Amino acid sequence: MSSDRLRRRHATTRCFRLLCAAVAWAGIVILAVLLFHVTREGIRWLDLQFLTAFPSRFPEQAGIKSALWGTVWLITLTAGISIPVGVAAAIYLEEFSPRNRLSQLIEVNIGNLAGVPSIVYGILGLVLFVRFLALGRSVLAGSLTMTLLILPVIIIAAREALRAVPDSIRHAAFALGATRWQAVRAQVLPVALPGILTGVILALSRAIGETAPLVMIGALTYVAFVPEGPMDAFTALPIQIFNWASRPQEDFHQLAAAGIIVLLVTLLLMNATAVWIRQRAERTGR
Amino acid sequence: MAKSPLAGAGTRKSRTKEELIRFVLFLCAFLSILTTLSIIAILAWEAYSFFREVRVFDFLSGTRWTPLLEPRSFGVLPLVAGTLQIVIGASLIAIPVGLASAIYLAEFASAGVRRVLKPVLEILAGIPTVVYGYFALTFVTPLIAAIFPQTQIFNAASASIVVGIMVLPMTASLCDDALRAVPESLRQGAFALGATQFEVTLRVVLPAALSGVMASFVLAASRAIGETMAVTLAAGATPKMTLNPLQSIQTMTAYIVQVSLGDTPVGTVEYQTIFAVAALLFAITLSMNIIAHRVLARFREVYE
Amino acid sequence: MNTQTTSDAQISSVAQSRSVLDVIDVTIRYGTKPAIQNVSLSIPQHRITAIIGPSGCGKSTLLRAFNRMNDFIPNVGMEGRILYLGSDIYAREVDPVEVRRRIGMVFQKPNPFPKSILQNVAWGPSINGFTGNLEDRVEQSLRRAALWEEVSDRLHESALALSGGQQQRLCIARALAMEPDVILMDEPCSALDPVSTARIEDLMFELKERYTIVIVTHNMQQAARVSSLTAFLENGSLVEYGETDQVFTRPRNQRTEEYVTGRFG
């Protein structure tokens, strides 16, 4: 009788375990379905012409040249601004800041900024950069908006990487008469670099896929040229995808899918780079 | 006064340089405060202009949202209802699936399985929202329509499902953190009393991690509220108060996108609606995030 | 203004030679908890002074006060004064960086930078405005640390590839490259095997010709072997301070005798 109950209790555990496992593995199934669907829809359109043509009213002539170059411009500028500022902020918070109210406020604030909806950053960019600083609907305005959006992510990741550097290295540097900055620049930062890079790449891959803020600042959807400077108007890959996906015609949906394949391959390459950096650092670290 | 043996030759100069560097670094960190202040200032200023034309009460309690059509009406509730519908729908997916995945990861899965599943969740989390929007429109909606023929092309159900999938990784990973923060001694104590794994998980670990788990639900809901592109593409642009998930609705975020894509003249009251809606959106998500972070901070303190 | 303080009456006259560090009535607290209480002592030049005592007695805290490494621990408060050649190292106008350039430190666990052997030794001089021949300085420091023979052909290899004992000697070489006056050693052999320990003890003998050495150790045999002066600390208070021979063979204090004969600690 009591062993019957025990058996039932063990059966419950087994069922529960099976249920949880099934649900957890469902993530893989969803991912597979999504990738399969996108590939099936879009692969037909993915050719050299697609990559090298400007957008067009005629699906068979449409391409992503301007969107692709717009994204390259956008991400390069965003990286150029956000990496130094983000890493500097992380260094201040992790290595320099006194434990006072202001630092605590900054810390809490960064945590909250990371949770602000991206469209709100779009509004900030629209009013602050496009209008107030009169940068117009330029790549620069887009990059500054993206910078504000991903700064919290970069700062949080860089702080974690700095925190992982053992104190013994800092103390060794200080005992040699190094100032804070000398110790950080020459000894702490190089050790933390792989971790920082990984975080930066992940943050930038978020920026590549962000659409809402760019829609807000008015990144144009029909741009038949490649930006040549930071003040040029631009469009970007996710904007082009959004544009095609929101049209009723089936052909444009398939173009959107082809654009998505390009976007996802780019993201995959970036993530693979991040993983590679992380693994290489782990190997040489030992 | 004798010269101190500690007065180095370059001391003053290097100290000044150090202070300068420190100040520059501080400015970079302080930028985050400026960002928050700018967001608040801009939303407050523009919303203020809006509320000179429209009464706050009418905005918050009105049930008709037709700012771009005559007769104009500025009741935000339809947008809130639309948003709420998406959040509830998404939570129905993300909460059970996220929690169950987290339980599997934290309590059952081997290290090898974790090594596979965690990156998959990270990849799911890294897929851009516009991709989910496309997926909703071209895959999920036809699927729903095949089951319920009365489904509209744009509908809340489809958007809810993909938003649920989008916030799922975040829910799972935060719940996983919360469950793993529960000390091993608690589990072993329960096992020593003859409890099975199921009983340990449900009666001991989950209650101990409850506040952390709840906080992760709040964060996930806040993320769903702010989600923009998937709902813009899949949920439609018809602000209305309905309980039918198969109909077209509009969320706060989708409305903001709609106006910014259109040619509403800047400075008009119609245009300023986006700031009023954004202010509301910001206030809601910020308070949810602050509450969740408070709860999480207290939760971590308990187990440290 | 700091020049007359060496004649302060509180300083023990235990040392005949010139004193390099004078500790005057120092109390150190972590928060409100005192770790060091009213300690006064003088560290003489070109000698090895050992600080011994049971674990938790505050000996490392006292040692780290000598080059202001306690500055990095939050909530540490200090009263009293520590004079280096007559100057208060905690005076407001003194830059702690300047203190550490003259008073080097070797830590409990070897902590070389994850860089090449050469870079480890050369970094200190190069950030401190050294203008001479850096390679000569590196070689000289490695020779003085008795490491040159073992590493001269692989200066560009990672310091992390060295054995524990070699790493600790590299850390000593790194400190020597700064040409400090004083070297503080915080249980430098506690992570090492007996052979490496013996090498470092030999090294200390050679180094005291040029440098003043203060070593914290929990190993009484080591203190007896290497030091000429010994300070015994218990519960943050200085119990006894004198010539090592005297402290170990004819201790004046009952507690010291009990400790050095191994009855507690």
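Before moving on, here are some points about what is shown:
Labels for the chains are A, B and C, by order of writing; each one numbers its residues from 1.
In the analysis below, a contact is a pair of C-beta atoms (placed from the backbone, for glycine too) under 8 Å apart; a residue touches a chain by one contact, two chains touch by 3 or more.
What you see is a predicted model, and the numbers here were worked out from it, not measured in a lab.
Contact topology of the protein chains: fully connected, every pair of chains touching. Contact counts per chain pair peak at A-B. Centroids built from CA atoms put chain C at 54 Å from chain B.
Chain centres here are Cα means. That of chain A falls 48 Å from that of chain C.
Separating the centre of chain A from that of chain B, both taken as means of CA atoms, is a distance of 16 Å.
The set of chain C residues touching two or more other chains comprises 97-98, 101. Looking at chain B, residues 14 sit in touch with two or more other chains.
Among the residues of chain A, those touching two or more other chains are numbered 179. Considering their complex, residues 9-10, 12-13, 16-17, 19-21, 23-28, 30-31, 33-34, 37-38, 41, 84-86, 88-89, 91-93, 96-97, 105-106, 108-113, 115-124, 126-128, 148, 151-152, 155, 179-181, 202, 205-206, 208-212, 215-216, 218, 238, 241-242, 245-246, 253, 256-257, 260, 263-264, 267, 271 of chain A touch chain B.
On chain C, the positions that touch chain A within their shared complex are 67, 69, 72, 74, 97-98, 100-101, 104-105, 107, 109, 111-115, 123-124, 127-128, 171, 174-175, 178. Residues 14, 17-18, 21-22, 24-26, 28-33, 35-36, 38-39, 42-43, 46, 96-97, 100-101, 103-105, 107-109, 117, 120-121, 123-124, 126-131, 133-135, 137-139, 165, 168-169, 172, 196-199, 201-202, 219, 222-223, 225-229, 232-233, 253, 256-257, 260-261, 274-275, 278, 281-282, 285-286, 289-290, 293 of chain B touch chain A in their complex. Contact residues of chain A toward chain C in the complex are 99, 166, 168-179, 182, 186-187, 190-191, 285. If you check the complex, the residues on chain B that touch chain C are 1-2, 4-11, 14-15.
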